[in-house]
Amino acid sequence: MKLVVINPNSTASMTDKIVEAARAVAGSGTEVEGRTAHGAPASIEGHFDEVMCAAHLLREVQEAEAQGADAIVVACFDDPAIGACREVATGPVLGICEAGVKAASMIATSFSIVTTLPRSVPVIEELVRRYGLDHQCRRVRSAEIPVLALEQPGSDARARVRAEILRAIEEDNCEAVLLGCAGMADLTEWLSAECGIPVIDGVTAATTFAEALVRAGLRTSKIGAYAHPIQK
Amino acid sequence: MKLVVINPNSTASMTDKIVEAARAVAGSGTEVEGRTAHGAPASIEGHFDEVMCAAHLLREVQEAEAQGADAIVVACFDDPAIGACREVATGPVLGICEAGVKAASMIATSFSIVTTLPRSVPVIEELVRRYGLDHQCRRVRSAEIPVLALEQPGSDARARVRAEILRAIEEDNCEAVLLGCAGMADLTEWLSAECGIPVIDGVTAATTFAEALVRAGLRTSKIGAYAHPIQK
Amino acid sequence: MKLVVINPNSTASMTDKIVEAARAVAGSGTEVEGRTAHGAPASIEGHFDEVMCAAHLLREVQEAEAQGADAIVVACFDDPAIGACREVATGPVLGICEAGVKAASMIATSFSIVTTLPRSVPVIEELVRRYGLDHQCRRVRSAEIPVLALEQPGSDARARVRAEILRAIEEDNCEAVLLGCAGMADLTEWLSAECGIPVIDGVTAATTFAEALVRAGLRTSKIGAYAHPIQK
Amino acid sequence: MKLVVINPNSTASMTDKIVEAARAVAGSGTEVEGRTAHGAPASIEGHFDEVMCAAHLLREVQEAEAQGADAIVVACFDDPAIGACREVATGPVLGICEAGVKAASMIATSFSIVTTLPRSVPVIEELVRRYGLDHQCRRVRSAEIPVLALEQPGSDARARVRAEILRAIEEDNCEAVLLGCAGMADLTEWLSAECGIPVIDGVTAATTFAEALVRAGLRTSKIGAYAHPIQK
Amino acid sequence: MKLVVINPNSTASMTDKIVEAARAVAGSGTEVEGRTAHGAPASIEGHFDEVMCAAHLLREVQEAEAQGADAIVVACFDDPAIGACREVATGPVLGICEAGVKAASMIATSFSIVTTLPRSVPVIEELVRRYGLDHQCRRVRSAEIPVLALEQPGSDARARVRAEILRAIEEDNCEAVLLGCAGMADLTEWLSAECGIPVIDGVTAATTFAEALVRAGLRTSKIGAYAHPIQK
Amino acid sequence: MKLVVINPNSTASMTDKIVEAARAVAGSGTEVEGRTAHGAPASIEGHFDEVMCAAHLLREVQEAEAQGADAIVVACFDDPAIGACREVATGPVLGICEAGVKAASMIATSFSIVTTLPRSVPVIEELVRRYGLDHQCRRVRSAEIPVLALEQPGSDARARVRAEILRAIEEDNCEAVLLGCAGMADLTEWLSAECGIPVIDGVTAATTFAEALVRAGLRTSKIGAYAHPIQK
């Protein structure tokens, strides 16, 4: 199967990191292809950035399917334009927030989320409520770092994420922690070891769940909300 | 005060109709300006169309504020890109679905919504749940008409909307009906008289609520989710 | 249009303050009339006081409509007897809690409420849940002051309200603060300037929203729960 | 123990019926006293009637406690002024809607409610939601009869209630039916036999639950919302 | 009437304590019989223990009904196998968590729960949500004691429960506290006196509510989920 | 990886069918082993049967892990004893209802469920609410067939399931249908083709999701509710 992981921002180093994380978990028969939404903002930090990436993201979805993608992962924790992606696709499309919270809910009765900037907290809270899992989400927390700090080798971003996870463990009474940014995908193993709690990464969750949907023979329903866009 | 009503699709005749509806209810000191999201799809019928209109809509929001808008109404019942509009604006920004359901909830304990195409029903259901008013919304119904049929003089669109409202009254046990498309704004009075139930139009609700927020001195909070976009 | 703002308690100085707040925001064509529920308790601090004011409040609603009121605001944050007011009225009737939380939800993704006495906290929590906005309300807080302390020039009531708003900003991660008592209406501007966060007053929100409903041609639905009382 | 059952309307024949129903189920050591809210409307059919009965009801609560009541039942399905009753009382106070839905939820996974007039349907729906049991309540139905028709020997009220219960069984997939008016208390046994489904009466549920709270040593909490009213 | 209180664990000293608590509150005409689920784990501390007690518990339910029980109380705060107990019984069956939270909700607008081990906290949170009372439950807390420490005279279990209740009062803004373990039944009066807040015990609440259901003539509905098991 | 699919009832032909369905979708590197809960009831049709299968199911979970299982699927739509299974396991454990509804929510905005007996409808409704997806589940329906009829070649079970799906499409406005019994696993493809709507089978969803969790490196959290049972 061919799985396409789309980075909806234009930072190629993030795409590389995401693809690496996806390949590390994909099944042996799965080809993972990465795509970058060239033309999109360098990072998605709020609704405006979501809008600014959306058309580029959709173009990548369409091209990915045209070139044989069986499933698509949208690798940004704000799950930007997921409804629209599902309209233009025929295979399954998964955002990493949705995949992450649903995975978390399968291995723990409660979890907290650690994201980058404070402004992303209410965005994610709304997503979690939309997915119906607010009763299992203890708290959405911010490590107070910009997304791209995760790309800078010398930054204290990793240390801050680790510190925030430790605060979540101490204060939230949570059973797992979900990383709230695709750019944290490479930290999962280290953080899990450091913090002594299951640390979940949305990219790997979405990758393996997307494979799962393909294997289960499931494709996006074309009846109702996700029907193909009407030609204008 | 200057109120700008933006039609997020590119059909100018809809803009005219919307502006007329807004002007009919605006206060004497309010200047209503209409704007069309040129470059957007001709109608918004699903998530893809929302994405395709969003950047154009944001451009209009920015220009409107640059030219002195005190408040902005986004006149499409899918409330496209409202979060992003609020990020780029400093004054209040209101979508007509949010304004419509909140107005309905102030004059009735329950209401039903009548929209255009069946594919818009789940989109609106999700919005109503996001706004916390699903317990007052009996049902979201479709009149099974494309949006642009409302612009065609000879079409049976009006008759279909009227018939669907009558079905809502008969089957839903609702106390009011909310029109689920900006293109129905000119039908409100006629439908109210025909059907014997309060018929609410989101355009007029959003227009008068936006004026209300301005008069009450309220502007979009710039702390948190709606802070100005980060420059990239 | 004629807008009648009813103070459901019998403290005339509060009526004056409320009317002043309403007049400061009403449109140029709007006549604002204040009414005091003579015979009601001096302040509404709990369910018993609500009951004791209700018949007096209803009398004022009926007289107000008899004398040409187009809309009515009930200026107590407990929204006392709102359902009954809507039954006896034909125009729109708005409580300041409902108006306040719905206004807050339009300019911020989250808000906290600061009220007077601790005993009012659960009363307001229940109202917020009834209006469907508990997911946007971070916390209902008390400044631990009796309502009438807000009327006493020398009291520390203002300082306590200010201090509680600052605590809300520090602890609640909220994007706006809603004042939970009609008697705080005159503090709005000062508190907003002092605290650096949008501070919302229910009286001004209800005043401008009530005007909005009238302009939008909306009246209380007489089908169902708000039908006129049955003569006995 | 002394249990006082208050009829919040002024129709003495209803009080008699209610007291009879309460006595039929009370324990041998329980004295049941009936009280009528003289001065209240003849029946409670909407929010206005609730307001008009409330002060009279509170007077009866206060007198009942002064004369040694250990617990109080408010025998109207709209649970009028329950918060205020709890403020003035020290023992437990139970409304028959709250008691009825909580009893129903203990013997069935789902139930429907059959009340009198259509206008009471939204009132009860809101109560059920407030009590947190909307997920177990299939539907609130009206038999389309005024409350006092239940007092008229020759009326078809009983037949209509029976017919509506049968419709509930056929259409709602419910496991029990709750009678939504104190005036139906005498029909419970007959309806249960006729309809072949557990039929629950709020008066008997509230009577036995109030006794239960007294036996369990529970009294209304005087910390917070139900603290004694503040003297003015 | 005959009321059977079943201790679903195999610790006979807990059964004695539970029966004593039940007898102390039961009506004069009520015979209270205790039963121990011999063969079950010594205490129920998690889902595994629930499973391991369930078949033994069901056997006791069946024998109790065969020997004339009118109602059954399952005296473990995890409400183990309640659905199955209701299937095999014909009279009412009540768990002490369900009874406790419903009693708490009748005398207070909010409550906190104090249980034994931290691992029971999410179990109880899920129950409270299932019963629809999460909006009234401030917090579920653990005193960090194993269940059987409550049976050991010299342990500090009582002091820890008392300390946790005091923390709940200070931090949770709650109006009552519910004891989250049957083994705390004998502490209720002492804790209530010590802590100055209504302290509710599920065993006494379930005992008196079960009596109440019997007096009200209510039996488990045999239509739907609680129908007798199908013979295999 | 080794995936063990446990049939919690004792009907070996169902185990065969389930294993076949699982093998058909599992990845090439996955060994699927079936296990039957010998000693359990022949089918799970209600809470009593759940209890009667639970200890046998747990034994299979423990043996499966002892023999190297990386993940476990519990193949009954009532998700019996899932919490207990997670306590005794260290790898992920998935029930087919949870997997099914979460898969459905990823490819459609709404779905209906078709199960066997009417008595299972409320059981499943409660599960769906527990998983937070009641807002996406249009209706739980019964084909009015006993579970084992699905094992009888000559029965009309298949036709009834197909008919019920067609009713769901016509009446529920749903975008997908989820099969509510493990015994329907072999019908998925046929029903999907017959009915023209995505038909989802919980067994295949749980199989592929369990593989996904293993690949993503996720194991059941041992902090909190799912910690290993305490030795007694």
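Per-chain numbering from 1; labels A, B, C, D, E and F assigned in written order.
Methods note: a contact is a pair of C-beta atoms (placed from the backbone, for glycine too) under 8 Å apart; a residue touches a chain by one contact, two chains touch by 3 or more.
Just so it is clear, the model here is predicted, and its values are computed rather than measured.
Shared contact partners of chain A and chain F comprise B, E.
Compared with chain C, the chain whose C-alpha mean position is the greatest distance off is F. Centroid to centroid, with C-alpha atoms defining each point, chain C and chain E lie 42 Å apart. In this assembly, the C-alpha centroid of chain C lies 51 Å from the C-alpha centroid of chain F. In this assembly, the C-alpha centroid of chain D lies 27 Å from the C-alpha centroid of chain E. Multi-chain contact residues, meaning those touching two or more other chains, occur in chain F at positions 86, 109-110, 118, 121-122, 126, 129, 134-135, 173, 175, 224-225. If each chain is drawn as a node and touching chains are joined, the picture fits none of the line, ring, star or complete shapes.
Pairwise chain contacts present here: A-B, A-C, A-E, A-F, B-C, B-D, B-F, C-D, C-E, D-E, D-F, E-F [touch as defined].
Taken together, the chain C residues at the contact with chain B in this complex read 25-29, 86, 92, 94, 98, 102-103, 105-110, 131-136, 173, 175-176, 188-189, 197-198, 200-201, 204-205, 207-209, 211-213, 215-221, 223-226. For chain C in complex with chain D, the residues that touch the partner chain are 41-43, 45-52, 54-55, 58, 81, 83-84, 86-88, 118-119, 121-123, 126, 129-130, 146, 224-225, 227, 229-230, 232. Against chain B, in their complex, chain F makes its touches with residues 109-110, 135, 173, 175. On chain C, the positions that touch chain E within their shared complex are 118, 121-122, 125-126, 129, 134.
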